[in-house]
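Here the structure comes first, spelled out in structure tokens, and everything after it is commentary.
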Amino acid sequence: MTCLTRRYPFSASHRLHTDRLSAADNARLFGKCNNPYGHGHNYCLEVTVGGEIDPRTGMVVSPAALDAHVRRTVLERLDHSNLNTDLPEFATLVPTTENLGLEIGRWLRRDWPQICRIRLEETGSNSIEIEFHEP
Amino acid sequence: MTCLTRRYPFSASHRLHTDRLSAADNARLFGKCNNPYGHGHNYCLEVTVGGEIDPRTGMVVSPAALDAHVRRTVLERLDHSNLNTDLPEFATLVPTTENLGLEIGRWLRRDWPQICRIRLEETGSNSIEIEFHEP
Amino acid sequence: MTCLTRRYPFSASHRLHTDRLSAADNARLFGKCNNPYGHGHNYCLEVTVGGEIDPRTGMVVSPAALDAHVRRTVLERLDHSNLNTDLPEFATLVPTTENLGLEIGRWLRRDWPQICRIRLEETGSNSIEIEFHEP
Amino acid sequence: MTCLTRRYPFSASHRLHTDRLSAADNARLFGKCNNPYGHGHNYCLEVTVGGEIDPRTGMVVSPAALDAHVRRTVLERLDHSNLNTDLPEFATLVPTTENLGLEIGRWLRRDWPQICRIRLEETGSNSIEIEFHEP
Amino acid sequence: MTCLTRRYPFSASHRLHTDRLSAADNARLFGKCNNPYGHGHNYCLEVTVGGEIDPRTGMVVSPAALDAHVRRTVLERLDHSNLNTDLPEFATLVPTTENLGLEIGRWLRRDWPQICRIRLEETGSNSIEIEFHEP
Amino acid sequence: MTCLTRRYPFSASHRLHTDRLSAADNARLFGKCNNPYGHGHNYCLEVTVGGEIDPRTGMVVSPAALDAHVRRTVLERLDHSNLNTDLPEFATLVPTTENLGLEIGRWLRRDWPQICRIRLEETGSNSIEIEFHEP
């Protein structure tokens, strides 16, 4: 099996906060990420598709088709957004890198179960990775 | 003259918008950066000090002193902030990379006129640079 | 098991095109990569060797021996080459990142089956990865 | 004066060779870059515009207008091209990083003399930089 | 399972040498890394924790707690150290990237067995990776 | 004038310490960099040559000649060295990035006064830059 990975940058803002905890607990748990008006990041999403190489095209997947899928499913929702305000998913769910990655994986794999891994960088020092097993 | 440069990352969110223009003109001018609820970036600030090397220490400037100055003057205000909401400077001034760089330069050079250049990266593809001439 | 990975940059040109398809289908499938006279990339190859650490040397493998193997087997063939014209392997096989990775893996593992993974970057946004299982 | 810099990646192939020299002299002068069928690079172009910040927009230049100018003037010609074959400019001129930079500067500044610097990376270890003085 | 990875840079010096071998064999095996007075690197450690996302916090692990653990267990010992001289572990063990990684893994996992992978970069071209399986 | 810049990585160790100061003052001034047994870095040197483009070769300078000059003059002395112990220049001079850059510039320009700028990175966050004016 050969895995192809493509990278997609996007910019977004967020605030880490949950109504299930007191203000003091939120501050303790999330630190500066709990600042009231939010802050932001240049995120970078890596999407991996695994499979056999098509002998006719020499490709595991059409990069143009993958790019279009990621653009429509992820980037149009997230790029230049405020995660807490613009995404109904994060009305109650805390937009940590982990939860954001889980949601992105769910969106991407609904129509493309051959996506087998995503990696999401929030900063150069903080990233998450999720492997999926079909279907 | 030898120039020493140190890099400082910080995360912030902003919205590009000016009340001097109509909603349509704001959208045309700033594009996605005008999205109502803002978005964010991992900024990276480079601060350059030029001068003679002190023969005793072998340094142009104490890195610890420069770091403390940048932390107190810039990072404590900007890191994990919403530029439009948390910084009075940007109540009316549009928080573009250019204007943010100008403000940072003003803050940094009030006490340290030996700072001769700043460079501010908003993303890996967009940065500004300002050179200063003493005093 | 400990895995050691070393990186090797090289530069090459290629054109994505297959005689099995019409000119129109080639253009649709490969886009700009089908331009008649080719284009090129700064590739970066990562080679991973897994194994036990030799208690005497503290190493999984001698880096000098691995470098010599990669130089002779891969870099001397590919660096500063035109993949389509200089490599008989790509007379009929499309030199996509996937196929190039498969060939490199085949060359490298003929004498060194302990190589357990390769990763090949074509650009900062496009890479492939292949894991191997001995022998 | 504030300088804004934006980065633009593109891929191209080339061969360093001049008909003014013998085959042996070409080989000695250009080394592997003289290989007959060419090789390629992921180039990265940085374009810098210097000027006053427009007090209304907070910008030195509209990034969208600069991007459109660079796309039309440079990227549409060079991206995924073979410099020697596809560009009449390099029918006789050797497509070194220096000459490519000079041509790019000429194209860009014909309509935009406010462009004051370009930097062109051929690899992470080789780049050129040209400063311009108006007009 | 979701994996969270955080990066930690540190600087250290070392000399690759073992008393079990002759001077000539040390020189042949370790090359320039056997130079008598040592040399150094900007190392970068990546620490990965895998687990379920806590539904209350949206996190696999508290980044602040992980940072404190890595700082106390690894960085305070290694940053700005001479591995051969300052670390009793390397009095007889050769401080290769492999052995250094093994030691770091041992230190980190004594109290945190949920750490499932570490990756240690010695230079941009040389790194090791170790996966762990609980407990 | 066109400037060509090439990058050269090397690894070295050092200790910041001066006999002109007390132990306490050394510790206060240099912090962790004063640790008795030293530490190290992956340095990266950038060397810039400015000049006219030779119309025959399309180059400001022969990269092969520049590489040979830097290798012989700088890399063979510094790579995998302990700056304090292996370099007589730093028997009394503190091997800060500034002093190391000054020495490198002196070595490089003795025979090549057309070198007009060097930049020396000690870490990704600390670098120095020196411009030279002929002769």
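Here the chain labels run A, B, C, D, E and F in written order, and each chain numbers its own residues starting at 1.
The rule is simple: contacts are C-beta pairs under 8 Å (C-beta built on N, C-alpha and C of every residue); 3 or more make two chains touch, one makes a residue touch a chain.
Owing to the predicted nature of the structure, the values given are computational and were not obtained by experimental measurement.
Traced through touching neighbours, the fewest hops from subunit B to subunit E number 2.
Rounded to a multiple of 5, the C-alpha superposition of subunit A onto subunit E involves a rotation of 120 degrees. Of the pairs listed in A-B, A-E or E-F, the one whose interface repeats that of B-D, with over half of its contact pairs matching by residue number, is A-E.
Centre to centre, using the average C-alpha position, subunit B and subunit C are separated by 41 Å. One finds 29 Å separating the Cα centroids of subunit B and subunit F. Counting only residues that touch two or more partner chains, subunit B has 124.
Taken together, the chains touch in the following pairs: A-B, A-C, A-E, B-D, B-F, C-D, C-E, D-F, E-F. Subunit F contributes residues 16, 18, 20-21, 29, 31, 93-99, 101-102, 124-131 to its touches with subunit B in the complex.
Subunit B makes touch with subunit A in their complex at residues 9, 11-14, 32-33, 35, 37-42, 79-82, 85-86, 123-124. Those residues of subunit A lying in contact with subunit C across their complex are 1-8, 48, 53, 56-60, 62-64.
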